[in-house]
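Presented below are the structures under discussion, each in the form of structure tokens.
The same subunit A turns up in both complexes below, where it pairs with subunit B and then with subunit C.
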Partner chain A sequence: MVSGQIGGRDARTRAARWDLCLAGLLAPALAVMLLLFGGGLTLGGLQALGYLPGAGMTELTAAHFTRVLQDPDFLTSLGLTLHIALTSTVIAAVVSVALALALTRWSIRSRLVHFVLQVPLTVPHLVVAVSMLFLLAPAGLAARLAAALGLIASPGEFPLLVNDRGSIGILLVYIWKEIPFIALMVLSVLQNAGGELIEVGRTLKAGPWQRFRFILLPVIAPSLAAACLIVFAFTFGAFEVPWLLGRTYPMSLPVRGYKSYADVDLAARPEGIAIGLIIALVVMGAVALAVWLNRLAGSREAIR
Partner chain B sequence: MGDLRLEGLALGYGPEAVVRDLTLSVADGEMMSLLGPSGAGKTTILRAVAGFIRPRAGRVLIDGRPVDDLPPERRAVVMVFQKALLFPFLDVAGNIGFGLKMQGLDPGEIRRRVDAIMDLTGLAGLGRRKVHEISGGQQQRAALARALVLQPAVLLLDEPLSSLDANLRQQMREFIQQIQAETRVTTLFVTHDQGEALMMSHRVSLLLGGRLRQTGTPRQLFYRPADPDVARFFGGENFFDGRMENGLLKTAFGDFPAPDTENNGRRPLATIRPEDVRLAPEAGNGSVMGEVTQTRFEGMATRIWIRCDGGLVVALTPESRWTAGQRLAVVFPPDKVRVFPA
Partner chain C sequence: MTRWRPKALAAGIILSVAVPFLPLVLWSLSERWFFPGLWPQQWGLRAWQHLLDAAGGQIASGLAHSTALAAATAAVSLVVGVPAGRALGLYAFRGKALAVLLVVLPLIVPPLSVAMGLHLWFIRLGLAETFAGVVLVHLTVCLPYTVFVMWGVFANYDPDFEAQARCLGASALAVAWRVTLPLVWPGILVAGLFSFLLSWSQYLSTLIIGGGRVLTLPILLFALMGSGDRPVAAAVSLVFVAPALLVLLVSARHLGRGGLMGVR
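Right after this comes the complex of A and B.
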């Protein structure tokens, strides 16, 4: 009993030392993050609240947030941003699930397929956006090719796919980029448990559609939802693709925020930062939800 | 009604043949164990019966009808896997009622049947629990209940106890036996554990190297093995040969009647189980002398290695008085000696 108590105390001392050691190791990285991210956020928050001494603004006020939220153009931009983020996420999710299922069935072990799937992950969004511009612009490769093949009389007849009303160019970039990300996340869940549970379903007399509806969907749901939320958060807050391929009006929220921030009139800066903070809030909410769903997926893994 | 017949079954993966020319019958209401070491092809056979693998040759018949063209979901068989593989997104009752829901039964009927099978399998009151909130044994029982509730013609059990600890395993053996006796469902039970197979089954089929070596009652396989390999699988260690003369096998350990091998001059192999070897301190009628070379205490018994003129003999005895270097008399009771056909 006594030796047990001593052993327990030793273990606790060792654990405390280890915690201290870990904290020491993490401290430099945490300090940099806190300074850069936390500092930036604090500074941004102050500026969004109207504290901009350089421009003679020293009074803290929520008026900039109110003005942003009451501006009808803000709602139009919010609508466009939600359209881009939701449409690209939903289409990417549907295609990814189909792709992951197909890969599970035919070539789950194929290294080549996995390599091909990983290629889009390595290409920066900006590069894909520029490529899309060269490809789909009215004077781009696709238009010229279509004209050369006689499908259209001249490149000018090519449908408008960049800087267009439906943001098709932006959607194509995001869909191309995000499909592999979601597909790989879903694929890893299917590889771990999908096959065995599908066999259970078959022996329990579930038909193909029932297996998809009652087994696969519930199995992949937490991971799929987490991946979708991450994609949604990214596309909701990303600036460069809508900047390159979007219209001048309406603008997506990140573009609008950047334009206000970069305006020659310093008085517009607090509104730009307020927009940025609203975007950050939505993104952080989505990420928090994604983390929670990922944990849920992890706990489901553990009970098999 | 549910009898299962496998006729000339050949199974394999890619170019490799796993099971060759397997013919086996399981009668309606019978519990048969498919026993064999790892890699013998037991699970492959079960998967072929369930419909997950298509035989290269031969047929699977359930109630006399070939089912080779039917997918698993349309066969009157249900398979329980090594792991419980419960659906993590459903509670215990949801798991058990899953198959009934897939068949489109109305919720009231599903609830009634699920409650009945939960009572039978000792899971009453656990229906609303999440599957990670019940123990490993309860999870396996839920997996069994999920299969039984569908009232299959044939139940396939693929080593469902292998992931349980020794105590729980023993409880589950008795539980499965009891459930099978109550439901009378035709059951093909795969295991590599000879004790499990002998204890639980009406009949046992031993599979070695992809071939069925012997099918019979547990006692037949244990005491009357068809060949030396079967005897070795069940713990046979003493093998000796002799010469046939007028219905007797004459060996260095004595003469033993061998009615099945009447060909004079042949040299068939014979065996005696270690626990059937009799030991005595002094020479007597029909005994041979030997010297103890090694002993090993095994709890209920002690294993003793004895060097005799005819070769090394292994005996298993509850006595603990023998020590290395000691001389003793070894007796092979004739009725315990099994002579294999030459």
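Right after this comes the complex of A and C.
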């Protein structure tokens, strides 16, 4: 009994020491994130709700949010931002899957190709946007090429591809940047699990489409979805590319938010912060929705 | 299956990745280049000389600012993030889901939402328009990333090696230095290099918190784009992209194929 008691106390002190050790490992990072990230959003929320004690405003009001949401231009901006984020994500995803399939199918394992494929991951968005401007602007490299081929006579005849209606310049930057990101995520799954399963499918006489739809797609779906979600969240909230390659009207939500925030009229500042928080909410909502759908799909599988 | 298709795909990949670099290189080497010309009418090194000149002193200081900021941010991220990654990777504990949420959420919430909220507080604390303030706002982007990478590294890590070394009489410090560090070194390298790059690429959060006082390369590049001096903007873009390619070379050497998976 005595030894048991000692053992119990020993285990308890060990557990306590272990807890302390764990807290020591985690506490600094969690404190920094809670303070800077949580603090940033909370303080932003207070300011967007009109709480500015320094300016003598201590009453909470939803007026800034309602003004932002009731502005007819808000929906246009939201639509534009969704268009940019969804279109670039979908196109990048389709190309990435095709690329990953082709790379595994033809077993291209050249170090050079895999190295080159990683280059866009590290290049800052800003540099790609600058380059796209030099490439696609009315007097850019593409227009000069068109002129050399006799397709156009003056820069004005070149189709507008930057600061344009369809946001083509912005989409091209994101697609160039995000394809390798999604493709590498998909590729790593395919290399680990793809080959054998496809062989099984082939022996069971599955056609190419069936092999893709019922074997490969379910295998890559989780990574593909995660990658797409990250890409969507990023493109929805990014500022530099639409700022440089977008039109002055309508503006994407991040550009609009920053413009309001940096307005000479300080009264517009809470509205800018409100737009920033709406962006954060949309992105978090998208993730929550994805998690929920995933759980739903999981439970359906279980029932089946 | 025809042989040329894989080769065409490989060539296509290399070409597509190379395209955006072409206008930057051409413009940075052009002296005069009017519209219909497919090549510059006059080549020259004016843009590059400008970067080195006294007039380009601002760009040299931008380079120094960006480097110092990114290095400081990466260092703090590692010091704070590696232990947290260890805790998440090795142990299951109560409240882990909450800790994970706090680490994962900042990976998807755009920095502009956070920076705008922090600004007023940083002004009160005297952190706005300072180096330290910008490091702190960059941390909200880089630290979660570091923790995330190290979490993955420690999830595949066997702490028994440490126990064995302790049994053989190694001190705690010797274990950390000669057992743990060599085992997780590739992960630390990737996390550090990419925290550096993430901070290096930040524009809006630097602008909001730095208030135009902390002049990093991206801030100068935006100003140059406004001024319309294309050759200099192209040259600065190439300088701006250089560390990214360098990081890629280093990590490719240390990690081999697919080492950058999941990196943004």
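Keep this in mind: the second predicted complex is superposed on the first by the 260 of 304 C-alpha atoms of A that agree within 3 Å, B and C clash if a C-alpha of one lies under 4 Å from a C-alpha of the other, contacts with A are read in each partner's own complex, and residues count from 1 in each chain.
One rule holds in what follows: contacts are C-beta pairs under 8 Å (C-beta built on N, C-alpha and C of every residue); 3 or more make two chains touch, one makes a residue touch a chain.
On a predicted model such as this, the values are computed, not experimentally measured, just so you know.
Of the two partner chains placed around the shared chain by superposition, subunit C is the only one that A:25 touches, whereas subunit B remains out of contact. Contacts of A:106 after superposition: subunit C is touched, whereas subunit B is not reached.
Once chain A of one complex is fitted onto chain A of the other, the partner contacts of A:272 are limited to subunit C, with no touch recorded for subunit B.
By the touch criterion defined above, A:199 reaches subunit B but does not reach subunit C. Of the two partner chains placed by superposition, only subunit C is touched by A:234; subunit B is not.
In the superposition on chain A, the chain among subunit B and subunit C reaching more residues of subunit A is C. Touch criterion met: A:219 reaches subunit B, while subunit C stays clear of it. Within the superposed three-chain model, A:207 lies in touch with subunit B and out of touch with subunit C [touch as defined at top].
The contact surfaces that subunit B and subunit C form on subunit A in the two complexes do not overlap at any residue. Contact residues of subunit B toward subunit A in the complex are 50-52, 71-74, 77-79, 81, 83, 85-90, 98-99, 101-103, 130-132, 146-147, 150. Interface residues of subunit A facing subunit C in the complex, by the touch rule stated above, are 22, 24-26, 28-30, 32-34, 36-45, 47, 52, 54, 99, 102-103, 106, 108-128, 130-135, 139-141, 143-145, 147-148, 154-155, 176, 181, 184-185, 187-188, 229-230, 233-234, 236-240, 244, 254, 257-258, 261, 272-273, 276-277, 279-280, 283-284, 287. Across the interface of their complex, subunit B is touched by residues 196-197, 199-207, 210, 214-215, 218-219, 221, 299-304 of subunit A. Those residues of subunit C that touch subunit A in the shared complex are 1, 5-6, 9-10, 13-14, 16-17, 19-24, 26-27, 35-38, 79-81, 83-84, 86-88, 91, 93, 99, 102-103, 105-110, 112-118, 120-121, 124, 136-137, 139-140, 143-144, 147, 197, 200-201, 203-204, 208, 218, 221-222, 225, 230, 233-234, 237, 240-241, 244-245, 247-248, 252, 257-258, 260-264.
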